[in-house]
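Sharing a structure below in structure tokens format, with a few things to ask.
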Amino acid sequence: MAPGFPKRSVWLIAYTLAVTLLCVFVFTGNGLIDTAAFLALLVPLFIASDFDKCDPRVGMPVFAFVLLCALPIIGMRNTFYLDVAIQVGIFAVLALGLNIVVGFAGLLDLGFIAFFAVGAYLWAIVSSPHGAALLGVGFPLQGDAFFVVAVAAVFVAAGTGALLGLPVLRLKGDYLAIVTLGFGEVIRVLANNLDKPVNITNGPQGIAAIAQPLTEVAGALATTTAPAFKWQALIYYAVVLTLVLVAVLANRRLDSSSIGRSWLAIREDEIAAQAMGIPLVRTKLIAFATGAAFAGTMGVLFAAKQTFVSPESFDFNQSIGVLAMIVLGGLGSIRGVMMGAGLVTILNLQVLKSLSAGLNHLRATGFEIFGWSFANLPTQFEPSKYERLIFGLILIAMMLYRPRGLVPAQRRPISAKNAGRVS
Amino acid sequence: EDKGTIKIVTQSPLSGQQSVAGEGIMLGAQLAVAQFGKQLTDMGFQLSLQPEDDQATPNVGVANANRILNDPAVLGVVGHYNSGVAIPSSEVYAKDNLVMVSPANTNPAITDRETTRAIANRICGRDDIQGPAGANFAMDTLKAKKVYIINDKSAYGSGIAQTFEAAARKNGANVILSTGMDQNETDFSSILNRARVDQPDLIYYGGTYPQGGLIIKQMRQKGLKAAFLGGDGLDSGDLQKIAGPENMTNAYFTTTALPLSQMPAAAAFAQTYKAKFNKDPEVYSAYGYDSARVVIEAIVAAAKAKGGTMPSRAAVAEAVRGVKFDGVTGAIAFNNRGDIASAKYVVIEAGKSADANKIVKIIDVAAPGGS
Amino acid sequence: MTGDLLLDVASLRKSFGGLTAVDDVTLQVERGSIVSVIGPNGAGKTTFFNLITGIYRPDLGTALLDGVDLVGLRPDQVAAAGLARTFQNIRLFAGMTALENVLVARSMHMRSGYWGALFHTRVYADQERSAVADASELLRFVGLAERADALAGSLAYGEQRRLEIARALATKPKLLLLDEPSAGMNPQETEDAKALILRIRSELGIAVVLIEHDMRLVMTVSDHIVVLDYGRKIAEGGADDIRTHPKVIEAYLGRGVAARTATPESEEAS
Amino acid sequence: MTNASKATARPLLEVQGIDVFYGAIHAIHGLSVIVNEGEIVTLIGSNGAGKTTALGAISRLLPIRSGDVLLDGRSLGSVPPHDVVRLGLAHVPERRRIFADLTVTENLEMGAFTVRSTADIASRMDEMFELFPRLAERRKQFGGTLSGGEQQMLAVARALMQRPRILLLDEPSMGLSPLFVERIFDIIETINKRGVTILLVEQNAHMALAIASRGYVLKNGMIVDQGSGARLRSDESIQAAYLGAH
Amino acid sequence: MSFQLALELLPPTLADGLILGLLYATIALGYTMVYGVLGLINFAHSEIFMVGAVVAVELLTYVLAGSSLHPVAQLVLAMIVAAAVSAALAGLAERIAYRPLRRSNAPKLAPLITAIGISLFLQDAVRFVESLFGQFIRPFPSMPFFDIPLPLTPNDSVPMKSLVILIVAGAMLAGLRYTVNQTRLGKAIRAVATDRMAASLMGIDVNRIVMLTFLIGGALAGVAGTLYALQFGRVDPFSGFIPGLKAFTAAVLGGIGSIPGAMVGGIVLGLIEMLIGTFVPILTNNAIGTEYKDIFAFGILILILIFKPTGLLGRPSTEKV
């Protein structure tokens, strides 16, 4: 690490402050400028989190400032950005969970979203009027039971993971992939069909009116400029931030521990790993259950935030989406995986939307370029229709440009000095 | 003078299999903004329409909703196409009283939930009437006794199939099979092979036309002569194209929309639509058009009430309930739950082509529960 | 044979389809001894290792390590019972550093793995530190201290062989099975390997079973030599017995080698 | 035992000052080697000296940063790896790389992939079974389940199926029984007599130098010594470093 | 359920299951071949299949409809063009999105992401092109010849198209089997599949073989697309997804990488699906409907894999320790 504060640090701090101020004063509500401002605010996060290049004495405070100050302030002005941050957080934790399974242990899981669904339905059933009808006295649980259930979900999901894992973890590589894919579909189809004979999931109608935590707090804080729903979003933001922190910590600690090395060893050579005394199924099972636990908890949060769950939110594409995040970010690289989650989510929620909204604006106002007016754009070219096409192209381009991910995983040499000492 | 920007958003599937209908809604709304937006621009507002793609997926719809919600310029939403997307998305709109006027969502839950009571509206009918209407028709007119019911496992399809089944059973129908079949499936032979043995009088389908058309086609190809009946999801010019005209016999659907050809005001609408977009209107285009008009009228009313200044979202939501006009799709007026005061439920015999569709029956029913 | 019996294999048999790769093999290893298994290519030597380490399940026979029945155990259980091995076709964790390779083999002896790591307990941290210290020591032991942070896959062949030995030693075995440790080493390096094997016994007190085609190595380090051919044991005994055993010369050594290794070096072995 | 006399002076393979890198690691520094037609040339050196890397660079498995490799005077720089075989160069790689999922027979057929005549392939295969009777016994077995030594035989036999003009051998004696080590060196000499030029990497430096006309000594990716097999074998420093204590 | 009912239902169910299975098998081959050679799950294969289907339907609707050719000739023509287009597309995908990743030593999962990218792109690109000419949901044109009933049992019949599919798909599968087992190309494919580096040492142009594999798989997907449209009567830019997923499942079920495995896996899956879809509701008196068929299908898949971890015909790995 650099001994003094390099000049770059000064720039980083100045830039961060400038963008924050700009965001606070320039934010208009929506549109390309805001998107740009918001994205500009993410740049310091990216730089500051790279402790190899950026002195942590500068990086950490900048990082904390953006997450704890700048983003919440901007988010309260426009909760959409808070919502984006929450979504990124949810997917970051999902991605970190999947990273343990795929990135560390090398088990290709194509049905990861199933555990997310388990958590979501768990909270949905115990905290909604629908569930009350099913479960009877004492239900629905109050919103604040959220925290208890979130912890319970860790174990429920981990248990589900273990239950599935036990028979199938002997399978190799892509056989495991297809079984997990099948499992993911089974969970979705079950959710879609378990409205009869006993109505557990309410089938395709989904479960609505799911309770939210800390609504009194949000209510008490409400003012005319900051109504309750904004405070509610802030609460979720805080919860998500905490969970991301926990997830990162867990990922880092596991990665550099003996269990992390066992996963890696199994990924490299199962037979040799076994011969070195690593129990194959148990070690894989731990990875599977840990990943599932991450997903289950986030499922609870997701259900609370959406206040509605239905099977469509848990289809195969979602599993693939999370996988895309971790591969795009860099398999096995914690920072990369989080960036992958951020990138995909922001791209989908915001950048592509802003782009098509921008083009639409040009069309609506009849903007001309080289004498050709955007107003002449035929409806087939309706920009908002091609967001997924562009997304597809971006995926290809990014992978070709950075085949090992945005932040490729690196094995850090362990020296006797830093052994057993990971933050 | 410039009193600020007002945006109206459409949320409908613009990509994916259902994008035809979704685009119809969006273009209808665009036409309405072009035609009626003048009232607002004359008052000094900038008005624009912002199309959003909800991809027929709840998550996407909700994410869009969150973004829209934070754009203070947005005063109303026209959407969605799928009830399954509209329900969770409207939960988001309700957080800040952003009004939603749905052109197509027939699921009862759209207007039945307390949480969205203030902001959710629709200008189409409800499945708890449409389903039973279909059942009555099946029993009374078609004299169906043995019935197969298939639904597409979507919120809409399973909902309408349920209401149909309940009413049919009440009327004494013998429901031999009631099953789901995922909306992406294209192969109905496992059900139809069995039907060849059971020989039901009627196959009811709760779902949309891409599958509905296939069921008709595969039924007839397997030599099944049974009647086919479904809900408004089948109401599309493509139904016949997919089924193949030669297979279109003994097929019916209920809908809450009069065929365009039957609507007096529709001819002019269809003409301008075609002139503007160079394509014929989809079934739900007119509904998108009228929904957007509802929003515009409500904004105008709310703005006027506030002395010509920018109205609040809550005021617009409230104003929607007072909007009254004769739209392309019929008389528009809402009850206090957001349902259209009086909806038409139409039973149609599907012809060899959409133009050959015949109206069998029109029922006028007031929405239940409202006032 | 006298003394303290460590490994006791009786009547081991394994066939693949029509081929009996190991046929009624019996072998005993005493604590602190070095036993070599030699024989022509395809004689069943590696298969023999695979049978007692749980990679394959024998069709017949027993294998006791210090009284523990190895038959039917999974490879990791065999390792836990105190039997470690190297592989003829080197099987390192290529994407991990040399040090990590060794550390992996220490996992077995680390308590409080998962939760300890998650909650970062003191016990865990101490363990981790001592594991790294031990592993570094083992790397030094095999002469790879300098390569600790190099990826195993980037090491040259001979270095990989030594790393495999270090890794196997990290499981703290009672008995170490080495499958052709000197393959790919030049004579000088083979000398080093020989010294290493002797040090494994003398310094670490671990008994060794050695599969090897380098007769100079075999003849000088072995207390006892077993010869397999077509899965069957055709001879056993001390270096001098084997060197002159006609069947062995016929099937395996050839006259040239028998003559060349006839130099009286066997004293070195003790 | 050398057959240097037989070798014509015409260079078949010329390696001209090549540099090879693994990422940032500079594994081969300006290596130059000449192999004349009909010769057996050996490369010796300790573990990690760069022998395998050198062979890989010659047969175009590894990219060359600078320098050139000429086969028969023609630069291999622009020849795609799979066409090197067609020019008559065969390579028995380290770790054997046999086709685990193909049978012994199929492995041998693959060796003659560039040959189209089935009769020709059959006769070559018979020849191999004669040289390696053990393989004949194992004809139908999957390559992956062969014993280590059997795999080694198969790797050599597969390369010979190509009837190359020059054969690169990376430790062909590895894992072979003493009896068969002698045999494999006999085989190498035999095919050399039949006109195949050979570049041999061996840890069994004694025997390698014994059959080689010339040898190069590689250390840390550089050539530190070269000369006739006989001279190197008697060189004391080389004996000390590579040939063992005596 | 009465025995009588079962007796009546079984023949058409088996017939339909077999046809479905053959279609799965034909698509599955594309997955399994590419997997065999590269160890890569080519998730874009489902869209390549879809493009084939769309092309065939377009040709039959707009180009061949007016011609006086026999319907079978029309179909075959459409099929050939569809196969060519699909093959070209598959080759393009390999060239643009996979080969560069191979060269840069990217992790095994990297091509999965480019594949998803291609899928998304193709879906919307086809939708775009199709919507230029009207709606993008395309019905298979009406060709009465293919509906001519052929007697199956005394009181049951199958349409002509079933026979056509049986013959065409069967012939394709047999042809491929021959190619891979008996020809030089087949041998090269198998060599590349086991060890690319060693294959290159044998004088095999690895890139060319990989390309050929994609082309063959793509062509098969084009054929399958045509037959699929014929059988089910409708295609759209999104109709590749489900059959693709099923075919991939079939490939794994049979033993991924194994060509006979893909065929067996496809047929087994088709039969399982059809039998369950028909009989489970009857057996459970409608308590469990047809919508559960995927649960059963995947359940059976999981069971099979637990007892046969490398699929029905997949050989256990020949790696020796």
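Just so it is clear, A, B, C, D and E label the chains in written order, and each chain counts residues from 1 on its own.
Keep this in mind: contacts are C-beta pairs under 8 Å (C-beta built on N, C-alpha and C of every residue); 3 or more make two chains touch, one makes a residue touch a chain.
Just so it is clear, the structure is predicted and the values come from calculations on it, not from any experiment.
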#### Entry: Each chain counted as touching chain B and chain D at once
E
### Query
Common contacts of chain A and chain D?
C, E
#### Entry: Most distant chain from chain C by Cα centroid
B
#### Entry: Whole-Å gap between the CA centroids of chain A and chain E
34
### Message
For chain C versus chain D, what separation do you get between their C-alpha means, in angstrom?
### Response
29
### Summary
The distance between the C-alpha centres of chain C and chain E, rounded to whole Å, is 49
### Query
Roughly how far is chain B from chain E, going centre to centre by Cα mean, in whole Å?
36
#### Entry: Contacts with two or more other chains, residues of chain A listed in rising order
189, 192-193, 271, 385-386, 388
### Task
Could you list which residues of chain E touch at least two other chains?
124, 289, 291, 294, 317, 320-321
## Note on the structure
Among all residues of chain C, those touching at least two other chains are 46, 55, 87, 89, 91
### Task
If two chains touch, include that pair; go through all of them.
A-B, A-C, A-E, B-E, C-D, C-E, D-E
### Summary
Counting only contacts in the complex, chain D reaches chain C at residues 22, 25, 44, 46-49, 52, 94-95, 134, 138, 145-150, 152-153, 171, 174-182, 203-206, 240-245
### Query
Which of the residues in chain D come into contact with chain E in the complex?
59, 61, 80-83, 85-86, 90-91, 93, 97-102, 106, 109-111, 113-114, 116, 142-146, 158-159, 162
### Query
For chain A, which residues count as touching chain C in their complex?
250, 253-254, 256-262, 264-265, 267-269, 271-280, 286, 411, 413-416, 419-422
### Message
Taking the touch rule as given, give the residues of chain B at its contact with chain E in the complex, in rising order.
### Response
15-17, 19-20, 153, 176-182, 184-187, 189-191, 193-194, 196-197, 210, 213-214, 217-218, 221, 223, 238, 241-246
### Task
Quick one: which bits of chain C touch chain D in the complex? Just the residue numbers, please.
16, 39-43, 45-47, 88-89, 154-159, 180, 183-191, 213, 215-216, 251-254, 256-257
